[in-house]
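Okay, so subunit A shows up in both of these, paired with subunit B first and subunit C after.
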Partner chain A sequence: MWAYIIRRLIAVPFMLFGLSALLFWLLYLRPGNAALTNFGLVSPDQTKDAVANLEKDLGLDRPAVVQYFDWAGHALTGDLGESLKNRRSISGQIGERLPNTVEIAVLTILITAAIGIPVGILSAIRPGSWLDYSLRVVTIAGISIPSFWVATLLLILPVIWWGWTPLHQNYVNFTTDPLENLRIVIWPALVLAVSSAAYVARIVRSSMLETLYSDYVRTARAKGLRERVVIIQHVFRSSLVTLLTVIGLQFGAVLGGSVIAEQIFAIPGIGLLTYQAVFNVDYTLVLGVTMVFALMFVLINLAVDILYTFVDPRIRY
Partner chain B sequence: MTQATATSFPLDHEYVPPRRRLGGLRRFVTREPLGTIGAVVVLLMIFGAIAAPILHTTNPKAFSADVLSSPSWDHWFGTTREGKDVWSRVLYGGRVSLKIGLSTVVISVLGGTLLALVSGYLGGIVDFVLGRITDVLVALPAILFALTLRTSIGQDVPDVPGMSQGEILLVIAICVVFTPVIFRIMRGAVLEQRNAVYVEAARVVGASELRIMFRHLLPNLAGLMIVITSTTLPAAILTESALSFLGVGVEIGTPSWGADLSGNARQFFVDAPWIAIFPGLALSLTVLAFNLLGDSLRDTLDPRLRNKR
Partner chain C sequence: MDDRANYWTRYRNRRLSRRTFVAGSGAAAAGAAAILAGCGDDDDNGGKTATATSSSGGSPSASAAASASASASASAAAATRGGTLKLAKQQVDEGMDPGLKVVNNLDLLPSLYNRSHLYQVSTNTMLLDAATAMEQPDNTTIRFTIRDGMKFHNGDAQTAEDFAYTWTRFPTLLKEQGSQANEANWGFIDTVTAPDAKTVVVKLKAPSASAPVLMATTIFSIVNKKQAEADSKKNVQNVDAGAGAYSLDKRDATGTRVVRFKDYYKHEKPNAAFAVDSPYIDNWETSIIVDNAAAKSAFLAGNLDVYPQLGQTVSDKLEFESLKGQKNVTAKQVDTTEARFMAFDNVKFKDIKARRAILEAIDSKALIASLYAGDGLYDGPVGVGLPAFALDQKTLEGYRKFDPADAKKLWEAAGKPASKIRIQANQDPRGSSIAEFIGQQLKQNLGVDTEVLVNDTTTWVARAREPQKQWELFIVPYNFSTTPEIYNMTMMDPAAFAGVSWNFQLDQADPDVQATAKALRALVAAQSQEIDPAKRKQKLIDMQKYALDNIVPGINLPVPGHSYLVYNSRLQNVPEADWLKGLGLVNQTLWLKA
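Moving on, here comes the complex of A and B:
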């Protein structure tokens, strides 16, 4: 098992190296890109000289490989360079905003588990019943409705009906005022949890159905265990491995969804930062933020794979 | 059935068994009512998109003085703040969604399967390299990767008839994100089949590797390909609309369900909720219909996958 964990840990830097090289190549090496995006520094009728000067200033005149390894070397020490637009430290901006995004992601996953798991179990207890059927329709609708539409409806319908809006103009940090903060972040978390919970419920249902009719479940019933014990301790427990994988994947989906949710609900997290970076064509910032997202995603998947061995002792790597 | 055949047509080689296509369809309709509803809605959406010009629509990009009017006989779904007819935009938006959804799915399913065949069957260095590239490409949440790709690939895109630059860029971005995922699933299936008896038999009679891959393995992957197509299509449509919603999708002004829900239009949603409700409803219904259909197809075509996903 330790050999496996070490092997996986060794793979992580290679993956990040590959991804960063790919993104670097995509973002940086289109000629004139970074220089031309800095319109603020170059007049509209920019001369070749101005562009060349700016490129020299930003170090873009050096060979691509040199640029990349310069960037990567700094990135390893936690320095992701500075934003092209406002010359602020990218690591600083991410550090400021990362906690807000992580908070929403964790909250979303908690809501997802709290709703998705019971719904899935309810659905699986009596497969084919009207309850199962209607829950299946609800969950398939849940994974079909795009989060940005749910968020949009959440913003307009309460205003029309009750003149109340869940949108807060001023974001409050958790450390400043935990209660007020929760009142703000609960909405994007709920919106993102709709599809995640529906997805988790579907997985729980199908993986429980796989074991519901197996021999050991029949044995458990035969020896007179209460139905609740059979369902929870025998059937549900066996689907924990699948559930873990899915929740890990949902974490990634939620991180991706944060770009949309944070933009709609005006939450200053790294999702919104990504959105702004893309719109300002701020390539260094896009690269930095994307790599932070990738690092989180890769580490979560790694953690899930390692957790397997604890949840399911049969799995030995 | 066999008995009846035996008695009424003894040794009759002319006998052609009745075609069972419609029988299969009838069985699908009775066994999968939800899938049937999905199929009907999908067909309606496709019809609406194709027949848009004759379905009480006006030019979806045309401005008019009739701004922010609520749904009426002239404007079934009301008008936007620029006086554009929402009903027309929903139908023409369906064209964009279906066009992008279908082209990404065809490219990424065919591409992913082809790569999986080569990689899974031949193995070796090809398999290793493709596997590592896949590891890198799936190391980012899909929507983020598509967003980064869509903004970084830019200037020189090939011309494709019937598609605008923005649409081509969307197709490329979504394909790059989806192909590795499909590749992984298909590669697993290829590995499963590689040592099957029928492959061995083909090898024994001297079939070439290419022949085994395309004449023997590929047909056995067809069912899985259909299932993956039906589950990837709604995902592709959702990704397109999300990117358009974020403002990096189709060109400004092009009717698109995602784009129509974003931007400056948002400040008019409370006063004119029909601008927000109808495109979102069309998008959700389409994706829901495809998902219902895909679910039923999976149950029908691939019983092994019945309890997966």
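Moving on, here comes the complex of A and C:
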């Protein structure tokens, strides 16, 4: 298995290189640059020297290939450079904000598992019942309703009904005040968990239904095992590989969803940073953040692959 | 409770009795979710009644209006000292140097920095701040006497030398560091000297009617020379280098917080913006809230004092109506601060018949009826926000003739200069609705194919700047400014945005466009250098009529009749007429009702 892990890790830099090159090119093709966003519509006195000087200062006057490889060269040494907009260190900005995003993602996955798995199991063991139908309706609704809409309702309805808002304007880090922090991040996590829990519930249900009537389950029942043992140890366990795959993918989706959730709930995370960087054509910042997202996604998938071997001993690398 | 005490400090300091433990365990079992959802009382408005601070008298040389002063004094008598003003903004600032960055930092600059004086639009009055006198011995000289004993937040004394330094560094900041303040804001300055520690003498390149008003804007905030010189780039982007009423307490990704500066000077002679012992409010907190629904939620829950965001008003009348009846909400109708300009690509539309065809094909009355619910105004080159100089509504209406039959004839007579009219807008929701409306009108009345292009701001700016325009009409939203030159004329002056962005350059290859641009520039310069108010008004009328008669370099679109100011009822002494016209965020006589 170690050989497999090493092979996967060796592939990571190549993948990041390809991804960053593609992303840089897409940003480069876009009209305008970070220097122009500074000036707005630009009057003639600014076009004479100021825009050119700022472009030179930011290195935007160089050919695209030079700009990219200059960035990539520094990135290889762990130096992601400075934001083109506010001139602050990108590593510093990511370091400040990444824990906030990771916290929301982890909390979302925990809520997803805590809701999605029991709902899926309940639905699967009573197929065709009113409970099953009700849960299927709820899960379809959960998948269909966009997160930003759920978030907007969550912000507006309580304030109309009770004069209370879940929005906290002063973000507090987990290390500073865990309870206060949890009161802040629970809401974006709940919003993101709505669709992912619904998705997980449907996957668990269908995966369990596939095995519920198989021969080995019938044998387990015939042996006189209690129904709970049959369901949990035989039926559900066989669904774990599928479940792990889905949760791994959901983790990536949650990281992507954090862009919207952080924007709505005013969480100073990496998603909000990405949103602002894209609008400012701050390509060094966009590339830096995307590399971190991509790296996290790769590592999560690697972890999921490793976990397969624990939940299904037949899997070997 | 000290809001800086963190969880661990409180945990360590807490004494847990048996009764507390038993009660706590029961509560925890029953209501973990409720604890998470619980809404803490973070209202720290512990107000203390201030002493009455009224005193009579206006500013020595700047004519503080008696009524404004009286109103300030009356309000000061009832004012309560203390509390935290809570605001929101959408993006983190790009820096705190007032000469370099003027975007997303309006919560900081007016608090951290002082200025020689402010300008109150509603009374056309200069309100002295760091200066105790301001005089113009001749048409090209402005002399300031500055007050004694002012200190920067780091303890340095603020002297005339700091003023001279601040006001002469603009060209270098623009050229070397890409300042967001351009020559339209400071180009009138020739030299600034400090003959002694209390006197600053500004020599102008030519007489300038707008100079005193422009010198009251944020970019003229005084920075500490020593701190700026100590920086390798000679800027104060990331340090508090001001001598304003508040000093910086927090600035990070979640927002900013400024607190009362203990050594802030007294204004012995109060005016509409300053009382003797102002400011009344202790702290200002600004949170980063990107989403408008989130800002609304926070505002209605009482966690924000102004809605929607810093420096913005509610522009939708329906939303204003819905907010008006809410608990603890004050909603007022004020003069509009919105403006929108629709530029031509002046090379494609060099024939006046084509420009007139566009103008006559747009039904401005219908635009006002459908997009502003009937509450709209015609706008001209000076802008309705400056009624002393703007053309009256009847005159402007005369320039907005809707005649589709004539429009079609003119379009054909001009040789149909475009087979398709592309209208470029940005993500301003109202601007894109206007673009759609105009697109429909042109399609219907000129029989031409139209396309509305809506892009993010960066792409939109790049589209404006490209020499080969990928659009025929370009819509720009902007807000009120205090002088004609930096208000609607910024969009129209060839020496400002019109030159590069609308192909209306003074050295444009097309001789007709060049001649029109030169004529308009000369008229702009003439009014700018006219000191006599009556003569200036006439020159402004001449300038406007030239632009309107020639329909260059675009069309001032109708504006909403009103904007809507919405704030928490605990906020007192709000200068409604001037809130979005420069005085809202620097008015130190604002106070919070406990």
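We adopt the following convention: the second predicted complex is superposed on the first by the 278 of 317 C-alpha atoms of A that agree within 3 Å, B and C clash if a C-alpha of one lies under 4 Å from a C-alpha of the other, contacts with A are read in each partner's own complex, and residues count from 1 in each chain.
Basically, a contact is a pair of C-beta atoms (placed from the backbone, for glycine too) under 8 Å apart; a residue touches a chain by one contact, two chains touch by 3 or more.
Keep in mind that this is a model prediction, so the values were computed, not measured.
When the two structures are aligned on the shared chain, A:263 is found in touch with subunit B and with subunit C.
Once the two complexes are laid over each other on the shared chain, residue contacts for A:272 go to subunit C alone; subunit B is not touched. Of the two partner chains, subunit C is the only one that A:177 touches; subunit B does not reach it.
In the superposed model, A:99 makes contact with neither subunit B nor subunit C. When both complexes are overlaid on chain A, the residue A:144 reaches subunit B alone and has no touch with subunit C. With both structures placed on the common chain, the touch criterion links A:152 to subunit B and to subunit C.
In the superposition on chain A, A:127 makes contact with neither subunit B nor subunit C. Shared contact residues on subunit A (touching subunit B in one structure, subunit C in the other): 30, 152, 155-156, 159-160, 263, 275, 279, 281.
Across the complex, subunit B meets subunit A through its residues 34, 132-133, 135-136, 139-144, 147-149, 151-155, 234, 238, 241-242, 245-248, 258, 261-262, 266, 269-270, 273, 276-277, 280, 283-284, 287-288, 291-292, 295, 306-309. The residues of subunit C lying in touch with subunit A in their complex are 6-8, 35-40, 42, 86, 88, 91-92, 94-95, 174-180, 182-184, 187, 237, 252-255, 285, 287-291, 293-294, 296-298, 300-304, 327, 456-459, 461-466, 476, 494-497, 499-501, 505. Against subunit B, in their complex, subunit A makes its touches with residues 11, 14-16, 18-19, 22-23, 26-27, 30, 137, 140-141, 143-146, 148-149, 152-153, 155-157, 159-160, 202-203, 206-207, 209-210, 252-253, 255-257, 259-260, 263, 274-275, 278-279, 281, 283, 286, 290, 293-294, 297-298. Subunit A makes touch with subunit C in their complex at residues 30-33, 35-47, 49-51, 53-54, 57, 85-87, 93, 96-97, 152, 155-156, 158-160, 163-167, 169-171, 176-180, 182-183, 186, 263-266, 268, 272-273, 275-276, 279-281.
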